[in-house]
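What follows is a set of structures to go through.
Two complexes come next, and they have one chain in common, chain A, joined by chain B in the first and chain C in the second.
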Partner chain A sequence: MTETILSSATREVVIGFDRPFVMIGERINPTGRKLLAQEMKDGDFSRVEADAIAQVEAGAHMLDVNAGIPLADEPALMARAIKLVQSVTDVPLSIDSSIIEALEAGIEVYEGKPLINSVTGEDEVLERVLPLVAKAGAAVVAISNDETGISEDPDVRFAVAKRIVERAADYGIPASDVVVDPLVMPIGAMGTAGQQVFALVRRLRDELHVNTTCGASNVSFGLPNRHAVTGTFLSMAIGAGMTSAIMNPMHAEVKTAVTAADVLAGHDLNCASWIASFRDPNATGAGGRRGRGGRRRAAPG
Partner chain B sequence: MSDDAADDEIDLSSLNDEDLTAQMHDDLYDGLAEEIDEATRILLNRGWGPEKVLNVALVEGMRIVGIDFRDGILFVPEVLLAANAMKAGMAILRPLLVETGAEPIGTVVIGTVKGDIHDIGKNLVAMMLEGAGFEVFNLGINTDVDEFLAAIEEHKPDIIGMSALLTTTMPYMRVVIDTLTEKGIRDDHIVLVGGAPLNEEFSEAIGADAYCRDAAVAAETASALVMARRATA
Partner chain C sequence: MTETILSSATREVVIGFDRPFVMIGERINPTGRKLLAQEMKDGDFSRVEADAIAQVEAGAHMLDVNAGIPLADEPALMARAIKLVQSVTDVPLSIDSSIIEALEAGIEVYEGKPLINSVTGEDEVLERVLPLVAKAGAAVVAISNDETGISEDPDVRFAVAKRIVERAADYGIPASDVVVDPLVMPIGAMGTAGQQVFALVRRLRDELHVNTTCGASNVSFGLPNRHAVTGTFLSMAIGAGMTSAIMNPMHAEVKTAVTAADVLAGHDLNCASWIASFRDPNATGAGGRRGRGGRRRAAPG
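Our next item is the complex of A and B:
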């Protein structure tokens, strides 16, 4: 039973087997968002704030924060974004950069235990990121590629993940604080991309006993009706045992697929979350009640 | 499947040249490699030169594919199938083109830069460039400046294409361009860059000739810039 505990100053989120799937909001990322990139670079963070609030309202349990903008001071932007997001929401964050100084800057200002996104199996990256993670007492996303690229052989990707978990242990980081990203390739370019991930997730869970995550939207790159494909992919990944994903909870098809998969995987006790999400809000029952949950008197004081 | 699918079978050899090339455009669009193989042979047997087959049948067909990909009518898996069909025709034409000494519209050396292992988008660009009639030398992933230089030396490309998907690896594009400048060969080539985190501003700042948003744009830009260069040469 592996549990990865992340926290903000006031709230804890647990990624774990047999627990509700953790949705990590992907929107605060200027890659491919021209307007957001320009605004952030110019010091206008209003869209970051709005995206943070909207994603949490849509059900995100955590938020990913990325400040990767060409020709910008990424560490400074990252620090500012982290501070701002923590001031308007209380969910734990994933600090997302391929630039080590930006990770450092984010960790520096972060309150709580963050998820560091990410480390790969490349020696140089391992040696630079893992000490940071250890020092911050953080958890880390481990991406299963190395210097040789992203292997199409799931056994190779498993071996890379295993090596990262072992190297993390050398730095005193427990396997429970390593969340492996098996790497989701576009299904439109590689027909085996889905099955590769499902097979890997099962092995990562059964043999390495680690939690898993992924950048879910990548799977539907280049296809029409992308959200339906992404949502169904996540349902199937949850069926295989995936425990979290970086995704867009504001796309109803994606979020509904995740929530339903959680019900079917037995992670939603008595289907309570599902019912709460979908009960007709206007139905008035006998005795004027609107379903369960509304009849508890407010506690005194 | 319609009941009369078998009746729809077209005897390619019964079509005149015009109908056959139009059919090849359709077959490229539909990604039918065997049909492209067969039709390419038929045209050659009718005395068409390899260059004419390439330009009138294949490149024109892929141009249509590129437009519909750009406009969201065709999607990535379909473009990959079309490129694969084009490849079937090219396999026959390439040795003949070499024999006749025909020049391709241009030559391209392309690679994902050092430290970056993202392959798919760059390969899509390489395929679209081949579809546009370019000869493409794909250096793969994690390509350092020495590998670019060696390939430039060997293939004398009109175009150098670089891809990066990470904010950490995209600055390496500048390293390559600066090295070309130091060696005094920057202006001998058109430099195109692409990848999710890039934009026009970055492309301009590092001294590239153009940023290409996607594979279709890359093919259009490559053709336009090569034509422009030929016109002024």
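Our next item is the complex of A and C:
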């Protein structure tokens, strides 16, 4: 059972096959957030701080941090964001950029063992990013696409993931430090997007023995009632064996679906987390009025 | 891809591998409904009628009908209930009783091809019920337990299901007319209840090629926020390949989870059902203000 260990200076989080699903907060990302992008560009990081605290309070086990803003000094912004977030919360972070210098800048100031988001199957990306990951003793998110693009065939995406894991090993990075992203497409645009991911996740877990993650919100892009789609997607992904996701824990519906899926996957011993989250403090004791003795079939709910 | 066809006099419903999940309304069941039991015993079937209509309006594709009341004339009550429900709705029905005479009474008045709920792996039950099913040209729910009880080992439950399918074949009942219930236990009492069902459903679909059903509400018995657990269970079960369930479509959270799972399993062409259910009639047209051109990664939700 593969375990991927991430840490800050003072806290460790483990992504693993028989563990509760790890929720990585997605909000600190200026892509699609015009106001945040402008503020960060202007040097105002108050929203970054507030969003970090809010996501952790909502239950995020880790936070993704992205500072990708056009025409800005992304490495500098990333370093500042990482330092700030690590000063207000102790959850481990995912350092999220497509620019190598920003990854380097984030790693430089990071305290603990980070998750590097990300590497793809493209040779030039592998050659640039994997040495960085190896040197930092970090874990890395491996996106299942390469020079030929994003294949709709889950078996092709599996092959790309396998290749990344093998290349990572060449750099001394163990498979337990490679978290594969099977690539979640919007279900409204591609009717097979769900099936592709579920099939691929099963193979990644059973054959490649890697932990997995994804950008969960992508799945519901363009649809009404997005949170119900995103939440249901995550519960089905957990059923297929996915072990973490970049998502928004402040959407109660999404977080509830993940927590319920943990219960149903057997990862919430005695349903303790669930009961603590939802029990009614005004109810009578557990023995209460239900203690009439067994019934062969439970009453309809 | 196995298809199980049920019908009333005027409508056909198909339970199948590549079809939307079939929701069988659970409410017409006096077990655990003291008021309904007393009314039915007293000859007052107004609630039976109201519940039939309400469940169909809420989206039930079929209805389960149970008249099991201690010290009452169950066969007579069943016959009356079936006739009444078939007079107010045209969805196919599941005739639900553990008493052979009540099954016979229901079949006698039923118009169309019913689902008989149920048979177990116990020899004496098989010998009594299967001939009835064969003669009626009906389909039957096969519960995966036998004389030795309900095994916690999904492989043992699989073996029981296999045996029932083989015995049904002896009576000329095809596997497409056997809908297997993998037996859903309360997750609050048995931490492996979910994993057992998911593993078993995959085997039943992939190796035995049968459709499946279950009493979904059982899974959340005893827990707070039951509907979230039941809904998440159903979405995970759909991910594992389950094709129908006896459930309450009037619990919006549960129904939404099923509908979203249909979308994510690729059973809602162009997300048409989803969009029809949840689109905002006040929104601008689909081109609207979103038509800015493609974006490589969808904005966080």
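To be clear about the criterion, the second predicted complex is superposed on the first by the 280 of 301 C-alpha atoms of A that agree within 3 Å, B and C clash if a C-alpha of one lies under 4 Å from a C-alpha of the other, contacts with A are read in each partner's own complex, and residues count from 1 in each chain.
Just so it is clear, contacts are C-beta pairs under 8 Å (C-beta built on N, C-alpha and C of every residue); 3 or more make two chains touch, one makes a residue touch a chain.
Everything numeric in this text was worked out from a predicted model, so none of it was measured.
After overlaying the two complexes on the shared chain, residue contacts for A:I69 are found with chain B alone; chain C is out of touch. In the superposition on chain A, A:I99 contacts chain B only, with no contact to chain C.
Looking at the shared chain after the overlay, A:G32 reaches both chain B and chain C.
Taking chain B and chain C in turn and counting the residues of chain A each one touches, the greater count comes from C. By the touch criterion defined above, A:M236 reaches chain C but does not reach chain B. Once chain A of one complex is fitted onto chain A of the other, the partner contacts of A:A199 are absent, as it touches neither chain B nor chain C.
Contacts of A:P224 after superposition: both chain B and chain C are touched. In the superposed model, A:A159 makes contact with neither chain B nor chain C. After overlaying the two complexes on the shared chain, residue contacts for A:I5 are found with neither chain B nor chain C.
Of the two partner chains placed by superposition, chain B and chain C are both touched by A:P186.
The residues of chain A shared by its contacts with chain B and with chain C are 31-32, 186, 188, 221-224. Considering their complex, residues 26-27, 29, 31-33, 186-188, 191-195, 198, 215-233, 235-236, 238-240, 248, 251, 256-257, 260-261, 263-266, 268-271, 274-275, 277-280, 283, 290, 295, 297-301 of chain C touch chain A. Across the complex, chain A is touched by residues 72, 75-77, 80, 117, 119-120, 124, 141-142, 166-170, 196-199, 201-202, 205 of chain B.
Residues of chain A touching chain B in their complex: 31-32, 34, 37, 68-71, 74, 97-99, 145, 147-150, 185-186, 188-190, 221-224.
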